[in-house]
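Take a look at this one; I'll ask things after.
For clarity, chains are labelled A, B and C in written order, and residue numbers in each chain start from 1.
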Amino acid sequence: MKHSRKLVALAAVAALSLTVAGCGSSDSGDNGKKAASGFTAPDVPMAKKLGTLEGAVSILAWPGYAEDGSNDPKTDWVTPFEKDTGCQATVKYFGTSDEAVNLIKTGDYDVVSASGDATLRLIAGGDVAPVNTDLLTNYADIRSFLKDQPYNSVDGQMYGMPQGWGANLLTYNPDVVKPAPTSWSSVFDASSPYAGKITPYDSPIYIADAALYLMNTKPDLGIKNPYALDKDQLAAAVDLLKTQRGQVSEYWSDYLKQQQAFESGDSVIGTSWQFIVNLIEADKKPIKGFLPDEGSTGWSDTWMISSKSKHPNCAYAWLDYIGGPEGNAASAYYFGEAPASAKACDVIATTDKDTTFCDVFHAGDEAYAKKIWYWTTPVSACLDGRTKVKCTTYADWTQAWTAIKG
Amino acid sequence: MTRPRAPAGRTGLLLLPPMLWLGVAYLGALGALFLAAFWSTNEFTGDLVKVFTLDNFRELLQAPVYRTITLRTLGVAVLVTVVDAALALPVAFFMAKVARPGLQRLLVIAVLMPLWASYLVKAYAWRGMLSHSGPLSWLGISPGYGLAGLVLTLAYLWLPYMILPVYAGLQKLPDSLLEASADLGAPALTTFRRVVLPSVFPALVAGSIFTFSLTMGDYIAVKIVGGPTQMLGNVVADNYGVANNLPFAAAYAVVPVLVMLGYLAAVRRTGALENL
Amino acid sequence: MTISARLRTVLAACTALVLVIVYLPLVLVVLNSFNVSTSFAWPPSGLTLRWWDAAAHSSGARHALLISVEVGLLATAIALVLGTMAAMALQRTRFFGRNTVSLLIILPIALPGIVTGLALNNAFTSIFGLDLGFFTIVVAHATFCIVTVFNNVQARLRRMSASLEEASADLGARPFMTFRLVTFPLLRSALLAGGLLSFALSFDEIIVTTFTAGGHEQTLPIWIFQNLFRPNQTPVVNVVAAALIVVSAVPIWLAQRLGTSRSAPGAPSGTSARDGAGVLRAMHDRYASSWYNTMSFTEIAEQRSDSGAATSEKWYEEGKLPGRLRIDVGVPATDTVTPHRIIICANDSFYIKVPGRALIERAGRNLLLVLGFDVYKQPVERSVAALTAEGFDLSRVHDDTWHGKPVIVVGAAAGDTTSKQFWVDTQRMLFVRLLDTSHTLLGESTEARFDDYRKLGGGWIAADVHVSGNGIVHLREIYSDMKANVELPDSWFEPGTLGR
């Protein structure tokens, strides 16, 4: 236990360096490298060269990241991959990072799109293998501020192919929610006019959303980083969420359930993703999603390869494809996030005929990217740098989450 | 009364394969699970730490939320059982005592057929009915997803499991008893209370074993129609499948096992187990 | 009947209401399988057969269906073997751990599915290091299916007389041969009922399956679960569900036919409701619409007393069913001149007129009349009431054989030959034997037998009747000139016409 706490502390310091250093190029990783040098990831072998493709690959993905036509026959970038490489893909969706960690441990999957609150846990657990970026032809085009980050690399060793990043959106039904909301207060209001129809995300990581709200509305609580909460700050966030619980229609982790709830009117406001908003719009139902000015939590996702992968060569092929201009453009455009590949924006502008997409999502704007509070695993060594107090861990958050739902 | 004693060797041989399967494999699996309840997981990596600790049980007993959830689950189970018993009795009585043989057979088929409709589809159909834009909203009733909807749905799902044992039990009740009671001048309600109910009680208990057990462990229907409600099954399923905390899931799983074992022991005397 | 008409209507209304509630969501499901819109919009915006077409072409659904059927068959097969073995072991012996074993068998189905699933998953992956897949699903399903077979077989074994197996062993058959040729044929319907229920349980199971299937195998419920919320697939799921409901009528109807008057084989129990009332009901239902209403026949009645003295008489008998019988000794009833003995059975009493003596009236039912004739022509409740009043314990029923044919014995458990009981041939549902140590029936009799059944009218009549006790045949009747549905005046059965 002590040993892992040390790991965790060092990993935390590494994450700290990201927010403090404020500089994104991989070379500024001087800070990052040094801080990360104490983190000893388990010894998982890395592929030295590519061999023959195995003919199959098992993909564990956030819904919307690997569409194979089963949701909508016109949305399919998996089949072109299969045709090119001969790797037949089976795609499994998961609803939360916890589920992803759990599923990868079974060893049944080859690749996973992991958010920042899953990546370090996977690395520390030996569940993912270091990625040889020399074997990925499209890695060079990945935006520099996404490479060698504390959440996707250790000791200068990359563990995956960045996919993209985005924010959790405040989503609402414009026919019911009037006037249009402008702030997260609409879902945290103790006596909301939409009581009984609010839908928050069903994961302990949502506590960070409450903490972010408190950060803006109750500065005397002293919250500087929504993932660095000491016992009192956590208690305040829990109280806020318990109040919200009384007005919740459903907590969602299955995107389809949320889509159905919005369409049937059982939920009218809550946290959602652009991709779900797109789906509801496609069904011609009223919906709007946006990022409030006060900011939001979000995620920066990396495709990782399982250490138990049975099809490592097809796995590399997938990473290269999904990080390449066509794959990245298709998935980022469909999902509604900033693509990691710099070339993707050109593809979106020409193929999808959308020249404003990358601007809207601030695809190349490093400074903007830093404003989003990406999902990170809370650890006891406070991520905001405080040394005098112990911060609550993800295990504490998990227990608190059960208590919140009641 | 003569009952032949089969040679002990033969009995042993006959019993061996089932006992190996159930006794060793199943009981062994249960034992391994409860052994895991005394372990923990590494918070960060999620790997099992096979070091003896009582932390899981301590957490269960201290954090009030688990008591709340357990009581809520028990309450729902009791409610569902009562609703099902109230619905099953008149139907089973009609089937066993009033209906003609041809109608009786049809009714049995009618009660059995919904068992073949997928449990998931039925729950989802109820989700549609409870929705604010569903058919029930026409009638002005739209409870939405929550505890009330959950009780309704579960009672609906388990109803056949209650009707069938009660029907079987009522068939065994001789008509002459009812006649005799009427001859002695008892009104229908008294006959019901003092003749029918006591004799059909074991069958009711048998049905309740099913409704209890199925409700205690359900986590899927809860997710579909329960809204933000948490039941015991959800905590176990989430701790295992999402939080990757097998030891805690195992620890909490001890609760429904104890409840059912206790229930089975209590009802053994009523003879309900013969009626299963 | 105690159940007033009003109560009947109330009960019928309750039943109808409950059935409506039960089927309403299912109707919605079927309706939605034709719904044009993909969300649960109400009312449906239009109807289409598109989804049925899509379902027929859905390879995912077909594959999942195939897996479910395979798993169900395999698990049922295992459950049949193990359940039967356990039931047989427990039935024939009393031993120390009997109750524990019973409890153990019930446990997989009494404990919540999530506990079973979690435990098995943990065992498979951590302890045995197996890959979750088809094999693990089958193992899990078989485990909770054993109990359904066990219950059914145990209930049937309880009613079977062990003397058959004893006899087979005495004849030198080894245990397996005895099982194959004697026990198994008698168990067949119990096995079928248990097997059907086991298959149904396995087919719709989702919770334990989720924990033991791993990521690759999909049974039908798992496929449904994964497609339930997908907007494009929900209607297909509805189609699959609707098809399942309709198709399920077949095995259920089949199971009902097997049970006939016995139990509800689809019930989670194996214990049937079969008891004396059920047997009488079965007899009644078999011939109610066809059995003759009146009969007449002539017989030679040989009577022998305990001392050995024998007499032989010619009896002319007529019967108007239910409940009325007339015997004219020596001359037919049409002869109103010659004085002769007349016996009338009516109103649950005997009326005996001997010439020159006062009319003797004795309360008492003619059990042979009730069991051989009235049961087919009067409401079952009356037969039940009559026999119960006569002291038959209708709750005790067991199987046996008589003259090599299978019979049901009502009123006694296997091996008991002293309690009041009657024996019924199961192939033709005809009364064949009565054991009665208490009732005075033309003397101190203990056994009556109806043999040599002949077809008569729409029913049967036994042309050879023995009544015996203490090893002596006190009465032997041989019938001839049997007629059915003849016109018989009511006055022949009125005791008042016998004079005083």
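Please note the rule applied: a contact is a pair of C-beta atoms (placed from the backbone, for glycine too) under 8 Å apart; a residue touches a chain by one contact, two chains touch by 3 or more.
Treat the numbers as computed from the prediction; the structure is a model and nothing was measured.
Farthest chain from chain A, judged by C-alpha centroids: C. By number of C-beta pairs in contact, B-C leads when A-B and B-C are compared. The chain occupying the central position, as judged from C-alpha centroids, is B. If you average the Cα atoms of chain A and of chain C, the two centres end up 63 Å apart. With centres defined as mean CA coordinates, chain B is found 40 Å away from chain A.
Remark: chain B and chain C have CA centroids separated by 27 Å (rounded to whole angstrom). Those residues of chain C in touch with two or more other chains are numbered 40.
Within chain A, residues 264 each touch two or more of the remaining chains.
In chain B, 131, 133-134 are the positions where the chain touches two or more neighbouring chains simultaneously.
Residues 1, 4, 7-8, 96, 98-99, 101-102, 105, 120-121, 124-127, 196, 245, 248-251, 264-266, 377, 379, 393-395, 398-399, 402-403, 405-406 of chain A are the ones that touch chain B when the two sit in their complex. For chain A in complex with chain C, the residues that touch the partner chain are 58, 70-72, 92, 103, 106, 108-109, 254, 256-257, 259-260, 263-264, 279, 283.
Of all the residues in chain C, the ones that touch chain A in their complex are 38-40, 125, 214-216, 229-233.
The touching residues of chain B, when paired with chain A in their complex, are 42-47, 49, 59, 63-66, 68-69, 131-134, 144-145, 227-228, 230, 235, 238, 241-245. Those residues of chain C that touch chain B in the complex are listed here as 1-4, 7-8, 10-12, 14-15, 18-19, 21-26, 28-29, 32, 40-43, 81-83, 85-86, 88-90, 92-95, 101-116, 118-120, 122-123, 126-127, 139, 142-143, 146-147, 151, 162, 165-166, 175, 200, 203-204, 206-207, 220-221, 224-225, 228, 234, 237-238, 240-241, 244-245, 247-249, 252-253, 256, 261, 263-264, 266-269, 271-273, 275, 277-278, 281, 285, 381, 384-385, 388-389, 394-395, 413-416.
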